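When the chains are written out, they are named A, B and C in that same order, and each has its own residue count from 1.
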Amino acid sequence: MRRAVLIAIPYAWLLALFLVPFGIVLKISLSDTAIAIPPYVPTLDLAEGWAGFRAFLSELDFENFVWLTEDDLYWKAYLSSLKIALISTIFTLLVGYPMAYGMARAPEEWRPTLMMLVILPFWTSFLIRVYAWMGILSNEGFLNQALLWLGVIGEPLALLNTNTAVYIGIVYTYLPFMILPIYAALDRLDGSLIEAAEDLGCSRLQAFWLVTIPLSRPGIIAGSFLVFIPVLGEFVIPSLLGGSGTLMIGKVLWEEFFSNRDWPVASAVAVVLLLILVIPIVLFQRNQQKQAEAEQ
Amino acid sequence: MGDIVSSTVFEPWTDPQAEPLIRFRNVTKRFGSFTAIDDLTLDIYEKEFFALLGPSGCGKTTMMRMLAGFENPTEGSIELAGRDIANVPPNKRAVNMMFQSYALFPHLNIWDNIAFGLRRDKMPKVDLEARVEEMLKLTRLEKFAKRKPHQISGGQRQRVALARSLAKAPKLLLLDEPLGALDKKLRQDTQFELMDIQEKTGTTFVIVTHDQEEAMTVASRVAVMDEGHLMQVATPDRIYENPESVYVADFIGDVNIIQGRASAVGGETYSIDWAEGQGQLTATSATSFDNGQTCHLAIRPEKVTITADRPEVADNVVQGRVHDIAYLGNLSTYHVELPNGTIIKAQTANTRRISRRSFTWEDPVWLSWTATAGVLLAN
Amino acid sequence: MTRLSWFNVVSLTLGFAFLYIPMLILIIFSFNESKLVTVWAGFSTKWYGELMQNEAFLNAAWVTVKVAVMSSTLATVLGTMAAYVMVRGGRFMGRTLFSGMIYAPLVMPEVITGLSLLLLFIGIGLDRGVLTIVLAHTTFSMCYVSVVVSSRLVTFDRSLEEAALDLGCSPAEAFRLVTLPIIAPAVISGWLLAFTLSLDDLVIASFTSGPSATTLPIKIFSAVRLGVSPEINALSTIMIAIVTVGVITASLVSKRAMVRQKQEEQAAARTT
């Protein structure tokens, strides 16, 4: 009895505030836009009973999804989100791996401090960390000032409101998500394995390539998904650092909803985004499961 | 290997009037399709020190968990003091358990660990303090009262677990491999301590163990289990001297098993045909065997006499060569190979120094034993 | 592995420089005299003063803290329950769906979560305000709490709970007296995580807030869209300072606890 209550409370909460809203998104994605409140038709009229429900069903269609394929804004936005997510994941890995590796090789007594230094930005507001780059990347910002002063460039580069700024922003804000799982994997790695590899005739670099990298692979995979998945739906970074040329689906959805007030299309955008996300999420889960099994 | 309470004869299981404290009636426990306990019936009496013995996975812990209330029988019933306890939750049973892992609460110190159960009973503060002090004294833990479990040794932890489960003065105390984590010396000391405490408190103990020697040392009765069945329930000496099956004979101590065919000679005496070219063996048995029925003669190595010359009078005599000698300090076990390849073990006390040993490898020897030395078993 | 090569040193130095220089610049320029955030014109704290006069920001900050406290507390209760059900609940109907609903919000893009909750609130006619933000934040942060707590619960020795039952606790007492004290650190970090997530959230709050309740991130976002401003720098500096003090204190406290435990152990060893 008590157990039933214990299960029921969080279950009901998640059903009501996670699953049901989702059903509503799905339903509205099949509706049509209208100038009304709420701004879509049909709305379900329960007073009419079964007939009302049938009428309601018959008015649902896939028009919005067809629309997504017709207007090239949408599929370009999906593709561009995928591209940005992929490239920035690679960059984050390239920056994060050496840091995680350095942390794992640092003296024991430094590690908690280094760890804290990685975690601290994670607890700091995301918005503020993105904002910090606005001042750096602008035309008269510090980066341009520094480069001009060094004589690397003759006139300021346009950095803010470009895809470059978006990449920098993503790498910067998502770096802890990449470092932590890789560090965890490297930290578990037995140092004598490297010594054994060197003993068997590997050079340092070979040992790194043949032993360290393969053994830290679960960490690399986990970190990459932890960056890739949320970046795909990212909104704040493209809207603050990106320009009009930066197409990302999170931003498109936001504008569709808040600016165009086209709820059905916004919902359809959300449904498709979710379908795209299913693949990496499933792959990520499988990686985590394999790792959990390997640890047992 | 004697009974602990041999001074005053304590054998309630022989008394048909005695009411058992625990009664398993046709208890079956299944986990999914797997049967862990199979139609088991067993009585345990008050003040007993009852040992469950058996190989890993035979269902010992499952029996304990059913008594403590963490599992319910799939079929059958369990009675505690005449009451079916199927629907009594663990916190309402007058049963306490000492866990295989001790399960000491890491966030409480030793004193509070011991007081934990008493506090649940809303015992008045004065009584509670007195009881905890008494338990600390009984288990000689006074010095450690203020420490946390991780600050004491394994043996001390084990005593805390014991004190904690004894504090509530349960009718029944369950001990699941309580001494598993201890080294041999500490283990023996603790065994005697346990027996001492059991005698002082008069609590009924049910102890699970892997270790047959431990079971023999502490228990008033031993139950040997295999795959969810009770193979035999008896006092340690009967289990040892009169096993009812080859399984039990083999499980407890060292034994020679000789397979053959029985034929009645008269009275309770049987002669056994056991190998081509070997004379018949003679053994007595209270259970009767049909002529030609397959039987197993189980003889303990210490009941086999080893001599250089053929003994003049003996019920059973065989000849062989010393194949191997196991030196155990106080004892030596000779593995003697008979002409047909059978190995029979004989044990002798090492009353002389090793260099003066009478036999050595490859020596021809004679083995002999009396008709009553072995037990004749059907299976 | 404690041989730091020059490569390790360089990558750590550059990496941490990359992580911290932007924030340092942000902080330094919050003390700039000039309105221009990129040109240093002398030290001043006037932007802090102006911030303190800014009613809108102060109100938003108050709403944010209120929302964060309520939602993280609720999320901790629900998330701990969910974790307990996941780890200890055994089998029940719809268990797979349940665990799916726990993990899905962790990877769900915020825009989708926000959109779907907004559509729900409109559908049931709930006025958007503090309540709706609290409901939304509780929903996604309870999943984080549940993950943190259940990772502690799986390593929790079940026999401790059984021992408590055996010694006469009801299941609720066993949870309160044994389980909870032992998993408390995980529950507290779950609460802190939920609290920060709520403080930080812009997207979901934007969808679920109404005119009556604006949170600080929403306020910052709309200000920042118009460009960099020293007032925002000052606000960011305050927020960074709070977090830094919080994180450092937390790590010092846990370090001290560890040291104390070690000392206790040593002291105990001496009296044996």
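Note that in this section contacts are C-beta pairs under 8 Å (C-beta built on N, C-alpha and C of every residue); 3 or more make two chains touch, one makes a residue touch a chain.
It should be emphasised that the depicted structure is a prediction, and the values quoted were computed from it without experimental measurement.
Trainee: In the chain contact graph, what is the shortest path length, in steps, from subunit A to subunit B?
Mentor: Between subunit A and subunit B, the shortest chain-hopping route counts 2.
Trainee: Quick one: most central chain, C-alpha centroids?
Mentor: Central chain: C.
Trainee: More contacting C-beta pairs: A-C or B-C?
Mentor: Here the pair linked by more C-beta pairs in contact is A-C.
Trainee: Please tell me the distance, in whole Å, between the geometric centres of subunit A and subunit B computed from their C-alpha atoms.
Mentor: Measuring from centre to centre gives 62 Å for this pair.
Trainee: So the centre of each chain is just the mean of its C-alpha atoms; given that, what is the distance between subunit B and subunit C in Å?
Mentor: The computed centroid separation for subunit B versus subunit C comes out at 56 Å.
Trainee: As a quick test, compute the distance in whole Å between the mean CA positions of subunit A and subunit C.
Mentor: So the centre of subunit A lies 18 Å away from the centre of subunit C.
Trainee: Would you tell me which residues of subunit B are touching subunit C in their complex?
Mentor: Touch residues, subunit B against subunit C: 68-70, 89-92, 95-97, 99-101, 103-107, 116-117, 120-121, 143, 147-148, 150-153, 164-165, 168.
Trainee: Per the contact definition, I'd like the list of subunit C residues that touch subunit B in the complex.
Mentor: Within the complex, subunit C contacts subunit B at residues 157, 159-160, 162-170, 173, 177-178, 181-182, 264-265, 268-269, 271-272.
Trainee: If we count contacts the way the header does, which residues on subunit C are in touch with subunit A in the complex?
Mentor: Interface residues on subunit C, with respect to subunit A: 1-5, 7-9, 11-12, 15-16, 18-20, 22-23, 25-26, 29, 37-39, 78-79, 81-82, 84-85, 89, 92, 94, 97-98, 101-105, 107-112, 115-117, 119-120, 122-123, 135-136, 138-139, 142, 146, 171-172, 196, 199-200, 202-203, 207, 217, 220-221, 224-225, 227-228, 232-233, 236, 239-240, 243-244, 246-248, 251, 255.
Trainee: If you look only at subunit A, which of its residues touch subunit C in the complex?
Mentor: My answer: residues 2-3, 6-7, 9-11, 13-15, 17-22, 24-25, 28, 38, 95-96, 98-99, 101-108, 112, 114, 116-121, 123-129, 131-136, 138, 140-142, 145, 172, 175, 186, 189, 191, 194, 229-230, 232-236, 239-240, 250, 253-254, 257, 263, 266-267, 270, 273-274, 277, 281, 284-285.
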